[in-house]
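Please find the structures below.
Shared between the two complexes below is subunit A, which has subunit B as its partner in the first and subunit C in the second.
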Partner chain A sequence: MYLAEVKLSNIVKKQYSYKLKSYSSGFTSLIFIQMIAILFSFNGSSMMGGGSETFSYDVKYFTGSMILVFTMLWAFIVGILITTKAYRNDDYSFVTNQAASQYSNILFLLSACAFAGVTAFLSTHLFQLIAVFVLKDHSFMMQQLTVGEMLKGLCASYLYIFLLASIGYFAGMLIQFNRAFVFILPVVIFGLLILEGVVTGESTMLFKTGIFFGDETSFVLFAIKVIGVSSLFYAAASFLLRQMEVKA
Partner chain B sequence: MNVVSCQGVMKRYGRGNALRNLSFTLAENSITGLIGRNGAGKTTLLSIIAGLQKQTSGEVRVFSENPFNNLKVSANTIFIHGNMTFPAAMTLSELLQTAGSFYHNWNNQLAERLLEYFSLDPSQNHNNLSKGMKSTFNMIVGLAARCPLTIFDEPTSGMDAGVRKDFYRALLKDYIASPRTIILSSHLLNEVEDILEDILLIKEGEKCLHMTVEDMKEYAIGISGPAAAVESWIAEREIIHQQTAGVNGTYAVVRNVFSEEGLERARLQGLEMTPVSADSLCMYLTSKTKGGIDHVFS
Partner chain C sequence: MIIVTFLIPIILIAGIMSVVMLLFKSGQRRGFNLGGKMKWILGGYTVILLIAAMLSAVILPAKLTSGKTYSTEQIEQIQDEETRVFDEAMNGKYDPGQTAFNKKKSWSLPFSERTLTVSAPSISVFVEHTDHSKDGSIEAVYYTGKFIIERIDVTDKSNPIELSLAGSDLSVNNPIPTEVNMGLFQAGFAFSQFSDGTGGMSFDSEATFGLGFVYLKVPAGVEVKGDVTYVN
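And then the complex of A and B:
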């Protein structure tokens, strides 16, 4: 009897390209979400105004942050989605094992988030362009970015999106591990926030988490933080995955 | 060489045991029928062999390796079952293409010809197929993959009679063209009997019988005649099944351990001896209570 010898890396590659094909609807939803984000962005993210008897002025800020936030939300949901039974079992219709599933999932999230990061970046520019056309009667100022800064921004948004996908992946795996986490997770997270507020008088947990990533001035350190935290989530997720079986 | 070997395999689900102390081996290049009632543990056993689930205790070897979470076993095994899912976004032809990239021996020509024969539209999505068509498509994947270990769990559920017949014929033809080890689970033995070589009968998670189909046909004998005569004849014998037949008549199935003369004497006493088909034997062996459904209504 001839038995095919397979290498893990080879199967991971095949599972990965299978996933890219099978999750294509996720990309459609991404474009849709970014379009909605563009629409919402026209509200302006903040405004101020003033005037006197003879004149008045309004200053509106238009930023693409809304697009990034929506994209991060999308990444979080995709992270959860690929841990669900329907998606997980698709892997097992063909050749796989837990390691191959896990690695191909991470590769998929990495590339899906790259795609999301680039489209978010492009949507931001599309939005700014539309804003210029719509507001052509007004005067506007734009921040000029160098190519280096632009790339840095792009990479930073990519890392943020990937971080959210990793969190989603871990949360999804927890829920798959035990359904009770559907209730436990929000209760614990919001409960801790509230508890902290009640006990110490101020709620700083969320703020501190934001500071941990957002206030990092060195790009390299920021990247290390995101990659480190994401790796922790994947390690925990793969520990959970090892306890699970596939139901035929 | 044994492709599959199980030693004292047990599987616990919650409080109940799905499999209990199951031991058997399956030889290379054979078609084995896994027969059992609903809930006997067929799917659980097959999931363990295919490496999707882990036994609670005991040892399972597939290609001399532990199958759970084993890439080599996964690459050389295909497990076709009713809960198989395929991504909604992919068409049938894309799925076949993907399957081809995964399986070493994939026969694309066969897959495409079967797809055409069963008039499945290659641009259709798996989700939009009816239950029978899904089974048909899964069966095509199972055949074309030509894996050294091919497992079909209730492959014909939902298929109409014509497709069922075609499927068994296709299975046999492809088995002859490219021999491999096939496990076919079913609760309809009479349908698959002709293509099987061995039968593994399980009852409530335990092995009941494991023998060739030929042996199984000889395994038991049916005796019918006046109740008193039958009773005296079968006393102290291994009774597999007993039921009343007509007025004052009894039909009993016992182990066939009689000599030619013994049977001759029985005939002289007015008893009628009939062979017991493998299908009926399996049904008798796995029936929950001796009285059968009649017992509920009496």
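And then the complex of A and C:
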């Protein structure tokens, strides 16, 4: 019997609100990352050219993919960062438990990824606008999308960013569980990639993982895949957090 | 070599990670929060991006090349039709109502000689004899097929041939070389993944240079010498 009943939803709400405010410095890095991505995008994603004696052409392809990839990388890092001890200890400024901390982290990542997804989409427009004024000797064409395709793309961008945030969150929790993973994770991942490249002559592991999501043309199935895989990562992170509490 | 290939993205990722962590942590130390400076930074950034998006919606359409776009099937049809018209002309039958080739430039050249010598080393010349009402001049038309790059019609950007008449000699020279620089804004992978291509243009890394020929209308009675094909 307690004087005041504390509801989980209230704690989560308070922590979420607190995290939105106190972790907002992470968004300055998002702005920085997106600016860098815009700069890199000027290089074009690919080029082609050809011609005859009297007619030659050069085509440079510009895409918003670079901005999205950089934003995904940002989400991955933020996912790792919010699992660090300093941030986890912040949760204990409130009456809290492990579940509330987890839920508020996921809610924060959901919101941060939404902001990142929208700004990544808008940054592409900023890039296009700058490009037509800077590259004056180019004639520009644009791949037109229907409203439906644009909405699906925007949602897919969000899901991709959120997927990377969940992977980062799990990786971060793994590192918090055992510091040795700081070295083990990159060594295993990059080591396997390099080893595969040395043994087979080409490294396709990352590519094969990517096409599990990237080759999916049904948006519903894609969303199910991303939400499913993300949930698995959060569940695994939750399990690790429980083990850490037991250890403590 | 493989290790070097991996080294670049690893360095890039490490660099980005360091920057994000540094900014994240320095923000924490300085007590940046959404109520203070951060609010203005984020708000300002969002406003700039929104304005850019609105401006791009207004300005970009006017800045984009207004070339017509074709599907792969349409390009194949265009090429087939050009080949058909050209082959028929080579066999002496030219269809004046054909639409496969565009009239790029035309000339009306005063001519009073009895013989015309045509020199056209790199282009086909078709000749039609007109009746005596057209005596005193040669009508020349340069037709070109479609120049299509990445399914975009860039025929307008190609230059016409040079044509000069000196006495009874007609020289058809190559056009001034054209150089086209194109920038194609493609949707990012998250957008193209669910795009079936029906909503607009999708690029396919192909280029088609249409055939070209000169069509001469020569007054009846004028003998034409050189590598030409008589039609109709």
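Going forward, the second predicted complex is superposed on the first by the 221 of 248 C-alpha atoms of A that agree within 3 Å, B and C clash if a C-alpha of one lies under 4 Å from a C-alpha of the other, contacts with A are read in each partner's own complex, and residues count from 1 in each chain.
Just so we're on the same page, a residue touches a chain if its C-beta (ideal position, glycine included) is under 8 Å from a C-beta of that chain, and two chains touch if they have at least 3 such contacts.
Everything numeric in this text was worked out from a predicted model, so none of it was measured.
When subunit A is checked against subunit B and against subunit C, the one touching more of its residues turns out to be C.
In the overlay built on the shared chain, the residue A:S25 is in contact with subunit B and with subunit C.
Look at A:T124: by the touch rule set out above, it reaches subunit C but stays clear of subunit B.
In the superposed pair of complexes, A:Q243 makes contact with neither subunit B nor subunit C.
When the two complexes are overlaid on their common chain A, residue A:N89 makes contact with subunit B while staying clear of subunit C. Common to the subunit B and subunit C contact sets on subunit A are residues 21-25, 86.
Taken in their complex, subunit C has these residues touching subunit A: 2-3, 5-6, 10, 13, 16-17, 19-28, 30, 32-35, 38, 41-42, 45-46, 48-50, 52-53, 55-57, 59-60, 63-65, 67, 122, 147, 149-150, 152, 154, 157-159, 174-195, 198-203, 205, 207, 209.
On subunit A, the positions that touch subunit B within their shared complex are 1-6, 8, 11, 14, 17-18, 21-25, 86-87, 89-90, 92-100, 245-248. By the touch rule above, subunit A contacts subunit C in their complex via residues 20-29, 31-33, 36, 44-45, 48, 50, 52-65, 67-68, 70, 73-74, 77-78, 81, 86, 119, 122-126, 128-129, 131-132, 135, 137-146, 148-150, 152-153, 156-157, 160, 190, 193-194, 197-198, 203, 214, 216-217, 219, 222.
Residue ranges on subunit B touching subunit A, taken from their complex, read 1, 3, 28-29, 43, 46-47, 50-54, 63, 69-72, 74-76, 79, 81-90, 94, 98-99, 101-105, 148, 153.
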